[in-house]
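My structure is below; once you've seen it, I'll send some questions.
So that you can tell them apart, the chains are marked A, B, C, D, E and F in the order they are listed, and the count of residues begins at 1 in each.
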Amino acid sequence: MHIHWSDDEIAYDGSQLRAHWLLARFGLVGDALVGFRGPCRVTADEMADLADLDGPGIAGADMVHFVWESFAAPDLLLAVHRQRLLSAQAAEVLGVLRPGSGLRRSGDDLWVGDGKLSISIATVTPVSSLIHFAVNATAGGAPVRTMSLSELQVEPHAFARQLLERVAEEQQSIDVARAKVRAKGEWR
Amino acid sequence: MHIHWSDDEIAYDGSQLRAHWLLARFGLVGDALVGFRGPCRVTADEMADLADLDGPGIAGADMVHFVWESFAAPDLLLAVHRQRLLSAQAAEVLGVLRPGSGLRRSGDDLWVGDGKLSISIATVTPVSSLIHFAVNATAGGAPVRTMSLSELQVEPHAFARQLLERVAEEQQSIDVARAKVRAKGEWR
Amino acid sequence: MHIHWSDDEIAYDGSQLRAHWLLARFGLVGDALVGFRGPCRVTADEMADLADLDGPGIAGADMVHFVWESFAAPDLLLAVHRQRLLSAQAAEVLGVLRPGSGLRRSGDDLWVGDGKLSISIATVTPVSSLIHFAVNATAGGAPVRTMSLSELQVEPHAFARQLLERVAEEQQSIDVARAKVRAKGEWR
Amino acid sequence: MHIHWSDDEIAYDGSQLRAHWLLARFGLVGDALVGFRGPCRVTADEMADLADLDGPGIAGADMVHFVWESFAAPDLLLAVHRQRLLSAQAAEVLGVLRPGSGLRRSGDDLWVGDGKLSISIATVTPVSSLIHFAVNATAGGAPVRTMSLSELQVEPHAFARQLLERVAEEQQSIDVARAKVRAKGEWR
Amino acid sequence: MHIHWSDDEIAYDGSQLRAHWLLARFGLVGDALVGFRGPCRVTADEMADLADLDGPGIAGADMVHFVWESFAAPDLLLAVHRQRLLSAQAAEVLGVLRPGSGLRRSGDDLWVGDGKLSISIATVTPVSSLIHFAVNATAGGAPVRTMSLSELQVEPHAFARQLLERVAEEQQSIDVARAKVRAKGEWR
Amino acid sequence: MHIHWSDDEIAYDGSQLRAHWLLARFGLVGDALVGFRGPCRVTADEMADLADLDGPGIAGADMVHFVWESFAAPDLLLAVHRQRLLSAQAAEVLGVLRPGSGLRRSGDDLWVGDGKLSISIATVTPVSSLIHFAVNATAGGAPVRTMSLSELQVEPHAFARQLLERVAEEQQSIDVARAKVRAKGEWR
């Protein structure tokens, strides 16, 4: 899989979570995970999570975004597992960059106290699976109480780079694990 | 999925990682995750990970074991993702029970410094997928440098109960997430 | 899977056979089968079966409807098998409620003599599989010769309740069967 | 799919429920359903259903057997649905040949009163799915209370021929249904 | 699978590469491959290959077209393999009809020198997989340097008939191969 | 995928067509295609193709072998398509190295006149798919009339290298094609 950090500021409105956006925007062909920074305001038309449709909205003034598209294994159940693992990986990276913050993962969300640090969704297209995961870089613009990398004193770019690399390494190690295991038989 | 803690001490030798062992031993029908305590010595015949075949052996005098069998989604790639998420969940539970220990997850393994806390494998049978995950309860009996729950001052039963519940809750929330998401279309 | 009978009269026009309608209308999250009563007039835009597009139309003044959405196993071939089994189950329930009626199943349709008792379709969405199955509660409104529960002297609500329960029980028993069977090998 | 009735008497011991037995015995290449008559005594080694391992045994002095192997869609969940539909089809055929017998289907089993008419299992091999379904032709030899075609005054060969044809026709109509349906979209 | 040659001239604009076009146009139900002759001008809206969207266009004044829809195995990875095999089969047929032409296959394209003989795409719909493959019958109308059947002195109809038959035979032999092979186990 | 040519002579007896042989022998982790030279004598126990079990045997004194294991997409139907494409690729490579030989592909076999140049099988293991493809390097040792690279005046090593590279390139281009295509909708 390709990993890429884009220095362009991109305003995320949910339309980026579509098949082949990573190809069109960054020229990346195949499974890819890209990080970038920018504001967030997801339109109702582009909301994938039906639970959000009647909610307070999905927004933030300044977030670090990750968009992951996979063509090789486009199953929704797998995509949700990958999304949960991505959230756990983000928490692990933050735990090293800023130990003792009390950060915790609840499903696909990261929290510090009652402040929500992240947003996320996993879904499918007719040809791929897609994950969006984003954390607040600085405070502001969200319809709910938030926490941000700035308040955690974590540098957004450093966090993003480390997360991109950690995900790529773990996907590589998952492929290796799959290729090294013998099947098992019946108990009796 | 069923979760269950067994108070019986069971000596794990790898043969328990077979289809329908949970059914035969505990009468559990369908997807289930069971925890128990006991020594560990995996025979070469029962080793699923080929990387272990020529290694120092898989053993421990006193471990907390988890065996997870899934019939509903028996794909190996998914199973490895589940295994990684299980390891992350175990680290998260330990992070709450014993903050500041320096525990870290590397793939499916948990470490404290250069002490290996856990062992794990994910594989498939012709009818299911299987995961074994175990952490050292007390020190001793392992062919490598280890860390243990005892050294972390974590009570094994409390840890196991919390992990079982966390996994069941997250699998439930994964099913909910899958059932609430809309598909997305093409970028252009 | 959830089963639910709704006392609300709902006019079925085919738009209900869409992803997450059961979630939006009844708040049911995950695999669910819901029954309700109401007239039927499927618009051409909402017809899933291409064989119906140039046909006499799909309509009935008063029908008992069932809508089944499944996220856990959204394969079209499986969905058609489930639909056929659902039709068979409906015939079995009716055979108990009204023995000797001469009811017969032909594919996904139920007939008494030359009177068509039911309509049905199985299809997929990008995130789920969907089945619609409906039987005429009282005569009238259909573009073809029909039979109805009223003419069979079967109380619609009783029929619906029994069918919902029978389907849920059989899906449960199918899951149990899948979890209790050993794979087989080669003949030689 | 091929359907075939064999006039040879074959003693069924469970070993016939293996991959490519239909190929080796009858020269049939590909998906096939074959019927034959013969005694039944399934050895423990060949029992696929773990629920039977500690039971009274699976036996009958004179049964009409059906063995169905499918290479085109070898999924276990689908195989169990097919098995249930096969049982329903058998009940429907018997309902025409012998109306008013009080025959009922419970899962994969057919009953008349407290007499068990049939046995069945669905499983998988590494390359296919397999179904065995058999009904007692005449009474005797079973470890449980049974009913038989003879007691129902149904001629075994006629029953078998009609069931083989009904299954082939319905599989054909299922393929047609799958090829004629449009997908549906989101409710909102 | 059905194979069919249509004598009607059909102007291909890409809209024919949609689910159930073969059903609507030719009344073919199920997996089918149809050949016909006609001009080609694919509109941007109907281009499936994103690489073509900003390219010189897909057009030809007189081509022999093949459209293949498969409901039985609608996986995109398989569809691309089938498409490549189809291109190879076309080259093999042409190699017999016109030996020594220097025809070569590069991915899904056929070339003679620097003249492009064919165009092709493989994609999916929500219910099927689709392949379009077309070769220039006579020169002209293309935005790139081309080669044509006419320049190769190959009669278009003869070529099409032979290719249709070759594909059908090979798909049949692939099904036979799948049904005759035993699974293998572990090396150690 | 990895490609590798081994200079070691290896006597192929069919046992090499097992899961993880490429890992054990060459240390290759993940999808891999390896070529080597050596005699061939497949034992009955290791024959995967049931059609060969009662045949003249599978043997050759000196062959160029290819073993391909894939963990990423271990479907048997796909494996057979890959095998056919591999045979076509071998024919294409030979057509360039030795034009005008009259070489033709029939299914998975290559022929020159009535001389059989190659043998092949595609199968699955519980964790992967496997393909064996081999061509006679020099004449002799086969139970049927053969053709060989030597008789075609093709240098075995050059052929093998070119085929390995062609397969790797085409698998790469297949992945690219899958990642660049838009799905299509309904005809009406």
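FYI, a residue touches a chain if its C-beta (ideal position, glycine included) is under 8 Å from a C-beta of that chain, and two chains touch if they have at least 3 such contacts.
Quick caveat, the model's predicted, so the values are computed rather than measured.
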item: D-E or A-E - the one linked by more C-beta pairs in contact; value: D-E
item: Chain whose average C-alpha position is farthest from chain B's own; value: E
item: Between chain B and chain D, centroid-to-centroid distance (C-alpha), Å; value: 39
item: Interchain centroid distance [CA atoms averaged], chain A/chain D, Å; value: 48
item: Residues of chain C engaged with two or more neighbouring chains; value: 19-20, 23-24, 50, 71, 76, 123-127, 178, 180-183, 186, 188
item: Touch list for chain B against partner chain D, complex; value: 20, 23-24, 126-127, 182-183
item: Residue numbers on chain C that touch chain E, as the complex places them; value: 50, 76, 123-126, 186
item: Interfacial residue positions of chain A with respect to chain F in the complex; value: 19-20, 23, 29-31, 71-72, 125-128, 175-176, 178-183
item: Complex interface listing, chain A residues touching chain B; value: 15-21, 23-24, 46-51, 73, 75-78, 80-82, 84-85, 88-89, 91-92, 95-96, 99-100, 104-105, 107-108, 121-126, 130, 170, 173-174, 177-178, 180-188
